[in-house]
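Consider the two complexes below, in which chain A is the common component and chain B and chain C are the respective partners.
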Partner chain A sequence: MSDASIENEDIPLEVVSDVDQTWQDTVRSLVNAYVLVPGRIMITDYRALLGFGIVFGYLFVGTVGVWLMEPTTMWDGDRLVQSFETMAHPLGTDPQGRDILTLLVYGTRPILLMMLSGGLFIITIGTAIGTVAGFSRGRLDQILSMITDVALTIPGLPLVIVLAVTLNPESPVLIGILLAINGWGGLARNLRSQVLSIREEDYVEAAKAMNVSTGNVLLKDVLPNMMPYILYNFMSSMRGVLFASVGLYYLGVLPYSQENWGVLLEQAYSGGALTTWSMFHWIFWPIVAVVILSIGLILLSQSTDKLFNPRVRARHE
Partner chain B sequence: MNGRWLLKRIGMSLLVVWSTITLTFALIRLMPGSPISRMRAELYQQYGATMTQAEIDRQVRLYLNVQPDEPLWQQYITYLLDTFQGDLGHSYVQGIEVTVILADVLPWTVLLLSIAIMFQYTIGILLGASMAYAEGSRFDFLSTSVSTFLVSVPFYVFAFLLIFFFVFQWDLFPQGGKYSTGLEAGSLAFYRSVLYHATLPIVSLVITGFGGIALSMRANSIQTLGSDYIRGAQLRGLSNFRISYRYVARNAILPLYTGLLIQIGFLFGGAVILEQIFSYRGIGYVLLDATLYRDYPLMMGTFMVITIAVVVGVFVADLTYGKLDPRIQTGDSQ
Partner chain C sequence: MSQQVVAQENILELRDVTVSFGMNRGVSKVLDDVSIDIHRGEILGVVGESGSGKSMLASALLDAVVDPGTVDGEVSYRTDSGETVDILDLEDEELRQLRWEEIAMVFQGAMSFFNPTMKIRGHFLETLKAHDQDVDEGMEHARELLTDLHLEPDRVFDTFPHELSGGMKQRALIALSLILEPNVLVMDEPTAALDLLMQRSILTLLDDLQEKYDLTIVFITHDLPLVKDLCDRIAVMYAFDVMEVFPAGDLSNSTHPYTRSLLNAVPNLTTSLDELRSIEGSAPDPVDIPSGCSYHPRCPLSTPECEQEDPPLEEIAPDQEVACWHHEKVDEELPLALETSDGGSAEVYEGNQSDEPVVVMDDIEVHFETDDGGLLSLFDDPEIVRAVDGVDLEIYENDVVAIVGESGCGKTTFGKTAVGLQEPTGGSVRYRGQDIWETKRGEGTGDRSYDEIRRALQIIHQDPGSSLNPNRKVSSILQVPMKSWQSDLDVEDRKARLLAMLEAAGMSPPEDYADRYPHQLSGGEKQRVALIRALLMNPDLILADEAVSALDVSMRVDMMDLMLTLQDLFDTSYLFISHNLTNARYLAGRAGGRIAVMYLGEIIEIGPAEEIVQNPQHPYTQALHWSTTDLDSNSEGEADESPIRAIDVPDPIDPPSGCRFHPRCPEAREVCATEKPSLDSGTDHCTACFREYSEDHPYWDSEPLGEETIGAHVGGESS
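== the complex of A and B ==
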């Protein structure tokens, strides 16, 4: 008699699942949730498909493409071969006879590294500060919100320039973080207000009543609600890092060990590529590389909402 | 205007300025290979025979507002007080006061950016509202696609294209500068020349900026149009103009404010790139110049003034927010 009563006290709500989940079930449901369902949704949405294709294409070029292509050197071809004239230099050459396509391919990897590290930095800091601030009313919330407001107000590019000149970082990963140094403010502020309303939901209150630790409540009950928004922000922050890095490399204020699109822009601009048609392809192709990647990221970020929307998902499960 | 709300805004602005000053102090004083040791080494090399250590320190103090032989906290206090009194040190390269240089260029940047922001928001809000009213039409689809495309083009890319076509191919606009030389300041021709030179930079900001505003205005308006109080207003027989102006527009514009606050900072930051491309000697141009010459006093001073400009801009925007949102006046903002 006493046994049963103790067990009942230990189990909240007095109900236990009567099916045991094996690890195969877990794997199957994970694959279903993260690969199959998003895939099925994406096939029906041409914009998501296009965005995914573009971003994946750049990833492919930045990783495998570099292995497939020989690096280009001076006087590989004649100077200023126009685009689409020879098969050897499909996009033409610069005034030193270097192949523009190869330069672009080799410039992809550092840019992608910067975007990835910057984007990860932004969503990590932004999510941590936003959720903690929203969940922990009172003094801590006030302090974190104040820090967020300061980060939001200090203008990003000048701050990055001043820091880059004094700290002089070399690796693309560090430069990416530097470029994202105060980009997390918007995400943090927005997540804070979302958490403020989520924390009043019944299931959060239930979890708290069951004495689940605050960390677990945040991770398992609060965070999943905000995943679409966080993912959306990841894409747009990567786009921000892309714009900022290319812009600052164009200004020549960031150090580099390998030429990237921004450095190519700078060389073309100061070489006078804007003055005549015969050099225009020199500055045109780096621009195209930036704009297409940016369009890909925008299309992908617009589709994240669909990927996580339970109503859309239900139709594909 | 609600007093507590205003005090909070002012406190926030001061906090941002204080953080920036502290940051520049830390960068000048604490970083390895700091500007101070660099400057001392250079002075020592140049005048080592004729200058005493105390004199070198005095020079450093004049330029960087930092007295190297005092304890750290005392240096910090002096630096803070000097900066708050408007003394930003002397330019290392040009030898004149940083404030004099910046007072000369800041109005030009403010001119460019305020005109650009005005156009961005006017076009964005009008276009977004009409897209929302015509939701689902061909016009809506076209404008949405164009806006999405324009958002994905960085403004400097557009600036390159403008220069290529309008300056070098068709020779319609000047390549750079703020006004033609030889004009009497204050004359009508002078102002026309100023606007003529500012056109391309402003256009490149407006074209790449209004799309994002239009898209969020569209989304906000559609959301507002679907709410019950709009139906209520229609049932009460209010005129269409009154509904669209007082009910829909007002509520759809409010969420744009967070974007505006970020946009002000973004534009002042982007001025560095914009002014370099168009050789427009504003505050961003000076920051870049100072950076390339490693002119630390001018660089830190410019960074501070840009931050202060953004803070003031955000503050002004906040005041107009109070005008639009009646909850601010009654202190019911939470």
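== the complex of A and C ==
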């Protein structure tokens, strides 16, 4: 580095570009950053592929599948056809002659909606409260932390039961939010403690020195560090909502207007499917549907860390 | 050397030791056919830059290379009774006995070595019991060791690790490693995390310990000048192999081009500032070590022979081996800078500071309340840490002010106050005459907006690992400042500008660097990006908080040169914080700036850089000068006596009365304990010490303090 190599005329602070970036370039770089690179990372990881495949499969069934299938009605088939006996009812029928596969397909959509709304509710509230509390400190932090503690200490199941009885919600989106109503406390607590350490990082102070607004610091400097954890929480709280809804339908606490997996389980159980071998497929297939979706979410959440790790990303560009 | 098979005086012999790791990219050789002898009773310094394989050498000595690394070769250890064991062949149980009882190790991170939930006594007891030693006898020995290391055994035994300062912890760790009376002590950067003064003090103590307990010490460090007085021989490592071994004491004994270049790159207190040259290029990748001599791509003396054949270590004098085909030519081609320069630096650089100050700090106080929280603390008075206590400073345009002091003296807090990132609890910070904090609260009278002030004051942090957001690419990191204050620029303009800046900072091709994540940059490159980021705000003052301390020795001069070059271009002032007088001298000296010495929250001496370095007035500055080992001093063997009376810094919660330095000051008299000297003003070079006052000051009639003097001689090596 010799002083002579820089002429005063070309002071780098005065440089301006003579080319304009077209919107195609912008789109191309966005696609690269958000589609191609994650895609390339996923392809190298069988867990991600499998998880992505399973979840995508359920999404397909819940959206397109409903269009492809006629809804089933009573006495579509014979009573209690066993699985794999006829092509018309591959998974068999229930005691009223309804096709179990069709019931499962039609039950996917409300379940997915519930999971999505519940999961989004948890990570939005949890992330917002956790990061703001950790970053602001002082009085705001104390208030937000107190709200978090309250959410954490209220017993969840009784609250949900009471709310379900009083509100009697029917839309799956509302039910999802109801089931997640106090699920965000743990996430907020954990994020707050992570933010407490990230806010001491030198680059956060440098951003403050550069007069970057607090919102931008949170979005650009703080959140990306926690994205794997937030995404993991998204997946696991969706699983939580799945189990809670199925469980509460099974208990008969939630009101139901549409058929879904939890309703199926409840009907099968009260019909005596657990004690009668010929009815076993009635309760078996909804359980399989729940378990496979849950496994898919676990696999997907395990691979999210890689998507945000700059070391992994750099290798796939 | 290979002929001397039965060398009695060797306690350890390494033969063709190779450590390799299998990696995705190929086999990584982190130790490459190293052969070296360690004599009984000597102190061998192993010196190398980071990533030269020196820590791996320590691990190999104890067969402690972590999986999946594999060690090949021979490490023979000769016991007291004359038997030879090959350490690499030992069973686990035999290894366990050998470690600590025969060969002990002191690691760099004393902080993480101790179990935080166990008192220091527990650590000693645990070690003694694990090795079936007599506990009473062992604890008696431990007391003796701790006393030798200037620690009070009874007090230290009953403390938890977090209650000790870094230096005390490191000393307790040394005592712990010696508790089983080992023959060999391997120390891996034992002092790197400590202040210079503490480093020097520990080295002095080590020297005494080595004699008293008849130890063989292998001292691994990146800092060649530090160990030159302590060691008997120095082995220099580069690219995972030993380049040369030479008797310490006189650095002109070194005959390898790498050692010479390294020495010429180290900022010090005597060499003229013009003579410093950084080494071109960078150290090789362990997967892809150059053929032939591994140093040839960077060596100014390299010939085709060097590219083809790797020179072996050959003995050229007693105790001296070198691996270079051209070692005879070294004296002629690569003379040591400190020998050619005509005795100290005569030239003084002229700064071009303005008359109008940019930032004025007036009687700044920053006090922190230590609040433990909890209900019980309601009834206690909060403890107040006086991080900065009444400091005035003016910084001009194109200025460089270097602040030097030990860790915990408040220099970082003071620096952050100067750039408006820390609100002072007392006093005022003014930017071009306008109070920063009043403006921020909207009470100011000036016509500048807070945004404008914020833009003008920027910061570069100490730790390259934490100064850049790991999730963003260099190009997006560098666009932040432009988005912040030049919103008229579009993406393309921002990119063009940041590429030009990368180019100007010597990072080419810039397109390649712009597209990298921080983890793909070296430490020096990260610091450059941080510097560019600060400069893109077009600031008037940059706080460089230990900005070069974390870099390798050969990179520091490079980085400081870049800072100075860019100062010429952008008319920026630097407030440079350092614990190291040599770096401060280099940066402030080249720009005609000042050095300020801080002690426990106060500036105790300030003046032109060369003045402070060549003619320090305050006893504390003199002690700092002593702690900065000079390459030049030809005193052999022992480190000089310490000029301070107490090794450890007092607690800033309860600073000493009167002059804060008096409990450690060799010149302290009774009046120093009651009255406080103020920084005399009026001249360029101010000192806060009664000794600088006139002859009729009561100091001169007052009684000298303190009988427990460690070493009262000051400035022993102003040769």
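Just so we're on the same page, the second predicted complex is superposed on the first by the 292 of 317 C-alpha atoms of A that agree within 3 Å, B and C clash if a C-alpha of one lies under 4 Å from a C-alpha of the other, contacts with A are read in each partner's own complex, and residues count from 1 in each chain.
Just so we're on the same page, a contact is a pair of C-beta atoms (placed from the backbone, for glycine too) under 8 Å apart; a residue touches a chain by one contact, two chains touch by 3 or more.
This is a predicted model, so every value here is computed, not measured.
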In the overlaid three-chain picture, which partner chain does A:Y249 touch, first (chain B) or second (chain C), both, or neither? neither
Which partner does A:A207 contact after superposing on A: first (chain B), second (chain C), both, neither? second
Using the superposition on chain A described above, determine whether A:F234 touches chain B (first), chain C (second), both, or neither. neither
In the superposed arrangement, which partner chain does A:D221 touch: chain B (first), chain C (second), both, or neither? second
Quick check on the superposed pair: does A:W285 touch chain B, chain C, both, or neither? Answer first, second, both or neither. neither
Taking the superposition as given, does A:M146 touch the first partner, chain B, the second, chain C, both, or neither? first
A:W261 in the overlay: touching chain B, chain C, both, or neither? Say first, second, both or neither. neither
Chain B/chain C common contact set on chain A: none
Chain A residues touching chain C in their complex are 1, 3, 6, 8, 10-13, 15-17, 19-21, 201-203, 205-212, 220-221, 224-225, 308, 310-311, 313-314, 317
Contacting residues of chain A [partner chain B, same complex]: 146, 149-150, 152-159, 161-163, 165-167, 186, 189, 239, 243, 246-248, 250-253, 269, 274-277, 280, 283, 287, 290-291, 294-295, 297-298, 302
Listed in rising order, chain B residues that touch chain A in their complex are 12, 15-16, 19-20, 24, 27, 31, 34-35, 148-149, 151-154, 156-157, 160, 163-164, 167-169, 258, 261-262, 265-266, 268-270, 272-273, 276-277, 284, 287-288, 291-292, 294, 299-300, 302-303, 306-307, 310-311, 314
Chain A partner, complex, touching residues on chain C are 419, 421, 451, 454-455, 457-459, 461-463, 466-472, 480-481, 484-485, 489-493, 495-497, 499-501, 503-504, 506, 515-520, 530, 533-538, 558, 561-562, 565, 568-570
